[in-house]
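Can you read through this structure? Questions will come right after.
So that you can tell them apart, the chains are marked A, B, C and D in the order they are listed, and the count of residues begins at 1 in each.
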């Protein structure tokens, strides 16, 4: 079938390999056409067993490989800017894992580059927008039956943080999901951020400010609070309660099987984001592939990626200073709506 | 990609069209190669927009079309036997929607035909085995931590029954899912069935015995009760509680979003099986395609299809007579394990 | 305060002692005036620390003690008939623990004796009618919003059965609560009973048919099923789901605190009926005392006590014979409504 | 029975009348001996039907009435200080509704007066400490199994606020419950408070800052956040989630009956604090009466009442200034532990 979308996957680490498997075994209408990783062995291993895949150390070579019609960027954040610009230069639709670009200055360059093209090519990997529960909440809020949203109460807990995780990363890696989700759910920009630091858990590595409690204000006066606790020890829990003028709605307390034993009634708690959001990743890639085959680009855009960088940087300053920090965005190019749907 | 599995889909009605969409847009590794329906217009409509698909009035012609390497039977039940035998004759792997064959005599002929081949070709469409919650419950029971299962309490409710639905169909169409699910969860054959008829709901069509309460006994003394209520008016609810020697486990009370308003705290209830089991259908087809591409056949087998027919027939007799009816199975060919996993 | 209701408590065992504590420490408007138990030491111990209480071996002497204006019967079942008749002879209001009288013949004599008086004196201890959840369900069903009830699915599980518990006692001791609750919730008599016996749990004592699955039919065609499992090992669970023409309602899945740890999200399960129904016992006694001080008798009546005996006897026969057994009631005296409210 | 505790009830308004009913009809071991209210008609009405009760316009006269052995203060807050001092002067045990004294200066005078007596006489009406769910959470935290508490996430919602409710009253009337509950659950003083004001709900009266989001810091670095929303429109919801080093626990999501209809699965939400906390009020009064009859005073003490005043005043300043306000407590007399149990 000549119409399968040939995808170059940049980065063959944990996330890249998972996306390769997904393109090969789960997603309809696409195939992996090229894999690039500076570690060629890793690239070869990720491509093993797939037919018609070329393997490269150089990302640019992968983009130019035969049958490549789209790019999936799963390399480390610092490599994203160059990869995005290379995709733009070739007119290739691209799905870029978050963070789009780690610093807001680089992120703004991406916004300007794509705006200069006059059309969208990039979709940013905020996959919560593809989660069934988040979509249900979004639909409920957009439907208007609960009235205007006043507050979002969010919880973001991991079992434990990976080695090298810093206090700033609770904001710019973990909470960056809530930054995008809050903007998307509310359809509003975040305008200020304050970070509170309870005494750190003894379950967290020495020196890590974990948990944190992050407060965002929005342009129309809503309040978003986020408990982020990456060494909770007990599970991967992502919850969100929207409190509106005419009611509230809560997602993330899913219980699919209740087991009652001598130890009480128990529900399983997901331990890993790849479990909790497996379906969201599948849907995200399928949506990207489907759109690319139609010649379209949909989903979170680079303005979303840029604002997430700016808000996260403000959050890190708020963490470091203990003060409320205002969010200062560059003017928004006409190509982008305020908050993409 | 020459290695996409070419599938002939027999039947282009509601279920057939949905499977065609699934093969085209959701499932990885397969494509629709032929569609057959006595109503050629319907076949053409279902195949519209797909490349490389031939359309046929005659199922046999579809099986012989170019690139056909597997068969999906979604035609009405009475056409299944002939279609299965045609697939067997050509050595094609086949996924057959339930009921495998409506009557147990015909079902037994399929068992004998496949057993005569000496290898499995057919997977029967008991898609609950691919539902995430059922799989979790199955894994829990197989794990042994709850001890021996003593009882299954099942609920099977629809909003309303389609036109022409008969009292017998509550057993041989609706409860047939529980018949297979109970056998699979318990790993035991059902040995007897009793049906109780509470006063019919005024919400049910005149003359329909709805709800019914069905009791199955198993070969090792477990009890399976099923409330089947196809005109409940309020939702599509499929629940199962397994009561074991060391605890109980319940699935089907999933709540993904709780909305609190002036009217109380409310959770959505699915209204349709295609919503509740959408993922299960996706996984079922993906598993079938993946196995076929490996040259294998897995999942529910024709012995499962046959026993479901026999038990359903006993159930209908129990409904009609008001008495306990024993289940009488033919000898099981060596090709099949007692209850497939 | 001369207007405190002086109560003679007959029986100073586990339940009697608990009621003495309740009258002394919890219930307003009553005091223990006399305690009777054949074991005088046990009676003295139960009365220890209370002022103005006389202690007796002979129940009749307790009824005649100073200040006794009401009787609470908590002695073993076989002593109930004589105690009830003695209370009737003295015109004393009486609260009688269940079973009212163990056999239906004796129970009928009580019905006839009270009917002969022409006024109610006895309240029977079916305390589930005073449980907040059951009352909510009763109010919902009586309100009519869910339409006519079609089925009740009931669960009655204990952690373990006391020594000497027989297979018949699962019916006439445990399920007797559901017998009364079902009559009360539905406002209908039970007309037939069938008992199924799954293979017994290895957690049950040798020879005990545990669990059992009991099916009641009602005079207007509703179906009541009860899982009774007195050696479940995991908790005291009493649940009831009413399935009606326009919806269903479920009680007994109360979760008041959800604790999430490394082991998942967990809710406590009550281990004991005195915990689960503590408030119901309190309310039952308060209602009885309040009515007695107003010169009234309310709550479950001796007709309820009698029918419970008859249905339980039919249930035991159904257990023993494996067959459906019809319920045969004596004519109901005019003093009683069909099912008391 | 001469040993019934004779109680003088000061204030015969809504709360006073409810407590009179409770002492008469619910609580064991006490009776209403005197009622005082400046509005003598209201006092007479509240005492109607009770025997042996004297009625007074002057609180002091009620305290000196025959048989008065304890005092329950349910008059408006500004009258509390004088009433407490009068009870202290007579050595009478007293239960004082919250707020103990509206301003912290007056509250401190009460602390000093009781400390000067050298023994406790007053119990303050923080009735959440007597709620079954809060007690379960307290026991869990004290048990230590979840490790050190890091955060409390609290919700306090009412359907609508009474006439005359001010923005400050969201703090010093509504949140005062959370102030005491947080101190009690954590066993720590609150040391600072910040108040955020999302855009007010259009469901709130013009000019009322509703909802508010209140953040408390504690002496050992825990964080307590409270959503207070007194015109939520949908219910009376009091929830608390304790996030600890080894797990979390949540109360207040109680669902006792799930009703499923065409509109989904629905749980009732309490509309009123007298419903949600009815049992807590009952237990509070019973505990007070039981202790008084033993010659003891237990429960929340005047130090708890004083700190609640100080923290609430800091909260109101935080609301007015938009800044973090530190809590400044007077030295604690030896009579009191840091946070009473």
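One rule holds in what follows: contacts are C-beta pairs under 8 Å (C-beta built on N, C-alpha and C of every residue); 3 or more make two chains touch, one makes a residue touch a chain.
To keep track of the chains, here are their UniProt names: A, B, C, D = Inositol 2-dehydrogenase.
This one's a predicted model, so the numbers in the text were calculated from it and none came from an experiment.
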Review point. Which chain lies the greatest distance away from subunit C when centres are computed from Cα atoms alone?
Key: A
Practice item. Could you tell me the distance, in whole angstrom, between the mean C-alpha positions of subunit A and subunit B? Key: 37
Point to revise | Length of the line joining the C-alpha centres of subunit A and subunit C, rounded to whole Å | key: 58
Review point. Taking each chain's centre as the mean position of its Cα atoms, how many Å separate subunit A from subunit D?
Key: 45
Practice item. Pull out every residue in subunit B that's touching 2 or more other chains. Key: 233-234, 246-248, 255, 260-262, 268
Exercise for review: Draw the chains as points, connect those that touch, then say whether the picture is a line, ring, star, complete or other.
Suggested key: complete
Review point. If you look only at subunit D, which of its residues touch subunit A in the complex?
Key: 147-148, 150-151, 153, 196, 198-199, 201-203, 211, 213, 215, 217, 220-223, 225, 227, 229, 232-234, 243, 245-248
Revision key, fill the gap. Per the touch rule above, subunit D residues touching subunit C in the complex are 1, 3-4, 24-29, 31, 51-52, 132-133, 136-137, 140, 145-146, 246-251, 253-262, 268, 279, 286, 290
Exercise for review: Please name which positions on subunit C make contact with subunit A in the complex.
Suggested key: 233-235, 237, 255, 260-269
